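I'd like to ask some things about the structure below.
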Amino acid sequence: MPTILGQNQYGKAENRVVRITRDGDTHHIKDLNVSVALSGDMDDVHYSGSNAAVLPTDTTKNTVYAFAKEHGIESAEQFGIHLARHFVTSQEPIKTARIRIEEYAWERIAASDDNSQFIGADEVKHSFVRKGQETRTTQITFDGEKWQVISGLKDLVVMNSTSSEFWGYVKDKYTTLKEAYDRILATEVSAKWRYNWTSDDVRMPNWEKSYEQTRKHMLQAFAETYSLSLQQTLYQMGSRIINGRSEVDEIRFSLPNKHHFLVDLEPFGLKNDNEVYFAADRPYGLIEATVLRDGTEPQIPVDMTNL
Amino acid sequence: MPTILGQNQYGKAENRVVRITRDGDTHHIKDLNVSVALSGDMDDVHYSGSNAAVLPTDTTKNTVYAFAKEHGIESAEQFGIHLARHFVTSQEPIKTARIRIEEYAWERIAASDDNSQFIGADEVKHSFVRKGQETRTTQITFDGEKWQVISGLKDLVVMNSTSSEFWGYVKDKYTTLKEAYDRILATEVSAKWRYNWTSDDVRMPNWEKSYEQTRKHMLQAFAETYSLSLQQTLYQMGSRIINGRSEVDEIRFSLPNKHHFLVDLEPFGLKNDNEVYFAADRPYGLIEATVLRDGTEPQIPVDMTNL
Amino acid sequence: MPTILGQNQYGKAENRVVRITRDGDTHHIKDLNVSVALSGDMDDVHYSGSNAAVLPTDTTKNTVYAFAKEHGIESAEQFGIHLARHFVTSQEPIKTARIRIEEYAWERIAASDDNSQFIGADEVKHSFVRKGQETRTTQITFDGEKWQVISGLKDLVVMNSTSSEFWGYVKDKYTTLKEAYDRILATEVSAKWRYNWTSDDVRMPNWEKSYEQTRKHMLQAFAETYSLSLQQTLYQMGSRIINGRSEVDEIRFSLPNKHHFLVDLEPFGLKNDNEVYFAADRPYGLIEATVLRDGTEPQIPVDMTNL
Amino acid sequence: MPTILGQNQYGKAENRVVRITRDGDTHHIKDLNVSVALSGDMDDVHYSGSNAAVLPTDTTKNTVYAFAKEHGIESAEQFGIHLARHFVTSQEPIKTARIRIEEYAWERIAASDDNSQFIGADEVKHSFVRKGQETRTTQITFDGEKWQVISGLKDLVVMNSTSSEFWGYVKDKYTTLKEAYDRILATEVSAKWRYNWTSDDVRMPNWEKSYEQTRKHMLQAFAETYSLSLQQTLYQMGSRIINGRSEVDEIRFSLPNKHHFLVDLEPFGLKNDNEVYFAADRPYGLIEATVLRDGTEPQIPVDMTNL
């Protein structure tokens, strides 16, 4: 046979699970989108269609829901670790499990001042509004021995309305861009960071706290860097995380430069003193890089987009 | 000629304008998506292609950007009023202008505690992160005499994890649904409300404050209503706004019932005590209704979706 | 009570039904997205939460699937008529039913020349590839006596690479646009047309043939009109349909002017002789109008977009 | 410094270029979305913000448009090769260029029979309707010596309404799925295939013909495989391409199993003889694998989705 099978994986993608836990009248919510990818000794199902080694994707879906009950969802990372361990240790043909999770944040709805006249001051303990800002992500990979945890976020849109310049660049025959000494810098952050926790013998990071702190460093570095290029800002964002969070060894960013063009108002006899901008859709600059702790090897794949 | 022209309108849609204003080192941002629709004596351009009465859509775009400089953007509503008045009063063939605006909210990025070691504690006065929750909307219509202002919001996702029931409904030969005495109630709120301000002779509402308060009433009524049906919750949301905001006479909601189905865990020997839910995409219930101040006439079109 | 209930409707939206029919080994497919909206005597469920008059949206979903079996799906229009009639005639509180349907077209996969060596020349009689061009739509409304059928399409992208001009327009102080004597004209057609069939006493149109012919007239009128404005092209598209299809009395278009800007290549010493264009996303012109058979009254709502 | 820079790349993404060429009155169209990613000696811009080695992304955009004029667009692959060669050979710091292109297909609008009474039988030689089926893709990578060309497609939705089974799989404590002996098999094909052309010394494949033939093999293998699992179908699709197209050495598929669930109509006294299906959105099975020519090394990254 002149053709052979290469890397392959399968599972159920985008299992939408909402988990409610109760602390008396106070409810807590975890809202996840869980995707399972399994790989191992799967030649037969590709070559002959024999499913003798195949745990159905429907079963992986059921397992997600059953585990939400059995283990609860302490964090997306911890939940993914439960799932990955289960698939690899319970099914002989499965050698590697990769669990990807998106998490959507919710916040509580504040009670009205005169809530008492409605139905009791404690009622909003079960009422939520979706936060709608970034989507938190994680990817758990387990091969039976070592763990790899790559967490991240996407859809986080940020802007500095000044303190950004761009000049001193290469000019070739196709260059028409004018140098800018005060511009808007805006991007939609996609980031993935790798934890150096890899073994059950070592204590796990506090996933919830680590996420909050990593996100905070990222936002603050964006805000507090006087930028000569988006690459410089990116490096500062990564560097501050590596320096500030010892549990993170590597971070990769994909940062679209969301162009805000100063509108030419001179034809109308008006001066645009960095006040009125056109927010463009496409094309956009796309800046991507990995920032690493010195002495470590990069593991995060470089492709975070198809464009 | 056996065919004739009916209602028609034209303009430039989705002009993305970002307006920065400065208060010393502190920057403020307004981020809008503005769509212009003009109508009037436009038979010729349809019948013969003569553009003699047509102000180009490109000009309506330029006007949006020029007005962002000349008038600033105090609120989406006020900005739309400036634009609509201009088109109707400056171009004889244009009899009616309708301005639709989407507004995206931003919040400031908090400075780091040790910000001083970077570039100064005041730097984040120009740094923002997009809030990413609901999209605020408004529609301004002006016919040269009367104003109609219909503001609203969309994409606001809310959930009550209890205090919702559904039973006592009609059962026909196609009914299989089991009655529910404790269910999740979740929806993505789309709402449009009409202001009773219509004349330049009367003082305008405070658009910013009115939006904040209307949104607050809406959320609180959702949270504080013990629900026997989504229709009942919808009516309470509308009623609380009409009662609480004298400047609003009418509100229409389009509320998808975002089903969260309790997962059957019995096959796995587990009891699901309202803990684990599958969040479904499609189909979904769709509940739509108008709530009015008694004695007023409805004006908001009933179609808020194409589905 | 100072607030009252206005127009309201409810039902299950986006029921995705795929219906297979067999003609020997040859399979046929209908792929629909069906949304149900019912209205009538529904005050109680809004005011008090009593569901005594409410047929559950879950039941309307079941009815869609049961009717796909019982009646088959001859056409989207005929299927919607079956459903609307059922809801209005079988449930006393329901006075009006509106069924909206999207239809996705499929085409057959051609067999390979040497198909016989695989599994038989007739096998591809059950293999399909989604056509992926326009989405066909229909809306059926029934009040127990009269029918209203408004069919249409959306997402049909067309382009003339010449034979389009734009000049002779109004110039005000905000006008900077240069006149164009040879430009690209491109749009994404959204159209809704109303049939004059309203009564069970009259024979229905052939819905499938009418759709094909209406679509053909629309495309040909777009292609064959030498355009001085998109409004003129729109009117020709509508007029040709009204003239060519006696069963259609009214058609409304929403036509975004998808701008293709000639790129300025002079800075690079190149002449752009209508060869290289930048296809812009936003903003875009938006041209909307109704074309009517003379002597008829317009009934299609003017809003086909929220922008 | 405890942090270092890893892999990095930058450029302008999603340059939308439409190229018209004329053959007398007959126009031809190429409609591309071009993304440029450059990498090389870019440490300084990250560490210090110096742009001395940075060709602006705006210049890469200009180059795309200028090359559309200077070189024309014979095929997406050939156009990408022109661009990649230019960036690597003209800018000393740039060591590698990767060009990604999406292509949207158009077909001609047929003239009406009585076209002559409008504006001449040849007019529709410049009128097009977007085909709207799959999106064609390519990725060209050049390091100054070797080429890598990975072409593909996405969004191609296919369905077999029979000739698919699924049984004989592993059953664990979370398995509830019933075996299926006649089911719908539907997927939305994403595929990337690698050409074995790598050197300027060797004649390039005919990119247009190769695409058409690869797509045809893919569709026919899907249609003509009696399927015991989607994995088996995937392998047949890849195998037929490797066997049929000597210029292709490797292909990777990402195939979501778009579930069509047979609706239970028994509660309504109806038998569903494989006639009425519910087309589900999420979750979906996700089957991914590489198929290779024996003796070659895989190079296509395994991640074609983030889920």
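Order of writing sets the chain letters: A, B, C and D. Residues in each chain are counted from 1.
The rule is simple: a residue touches a chain if its C-beta (ideal position, glycine included) is under 8 Å from a C-beta of that chain, and two chains touch if they have at least 3 such contacts.
Just so you know, these numbers come straight off a predicted model, no measurement behind them.
Colleague: What are the mutual neighbours of subunit B and subunit C in this structure?
Modeller: Chains in contact with subunit B as well as subunit C: A, D.
Colleague: List the interface residue numbers of subunit A and of subunit B, divide the shared ones by all numbers used, and answer same when the ratio is over half, different when under half.
Modeller: Both copies, subunit A as well as subunit B, present the same residues to each other, with over half of the numbers appearing on both sides.
Colleague: Could you please state the distance in Å, as a whole number, between where the Cα atoms of subunit A are centred and where those of subunit D are centred?
Modeller: A distance of 25 Å separates the two centres.
Colleague: Starting from the mean Cα coordinates of subunit A and subunit B, work out the distance between those two points in Å.
Modeller: From the centre of subunit A to the centre of subunit B is 28 Å.
Colleague: Once you find the CA centre of subunit B and the CA centre of subunit D, what distance in Å lies between them?
Modeller: Taking the mean C-alpha position of each chain, the two centres sit 37 Å apart.
Colleague: Name the residues of subunit B that each touch 2 or more other chains.
Modeller: 16, 62, 66, 174, 176, 267-268, 281-282
Colleague: Which bits of subunit C are touching subunit A when the two form their complex?
Modeller: So the residues of subunit C touching subunit A come out as 173-174, 176, 267-268, 281-282.
Colleague: With touch defined as at the start, can you tell me which subunit C residues reach subunit B in the complex?
Modeller: Against subunit B, subunit C makes touches at 1-16, 33, 35, 37, 42, 45-59, 61-63, 66, 90-91, 100, 137, 166-172, 174-177, 227-229, 231-232, 234-235, 238-239, 242-243, 250, 252, 256-257, 282-294, 298, 301-303, 305-307.
Colleague: Considering only the defined contacts, which subunit C positions touch subunit D in the complex?
Modeller: Residues in contact with subunit D: 16-21, 27, 29, 31, 62, 65-66, 68-70, 106, 109-112, 115, 118-119, 123-124, 126-134, 155-163, 184, 216, 219-220, 222-226, 260, 263, 265, 267-268, 270, 272, 274-281.
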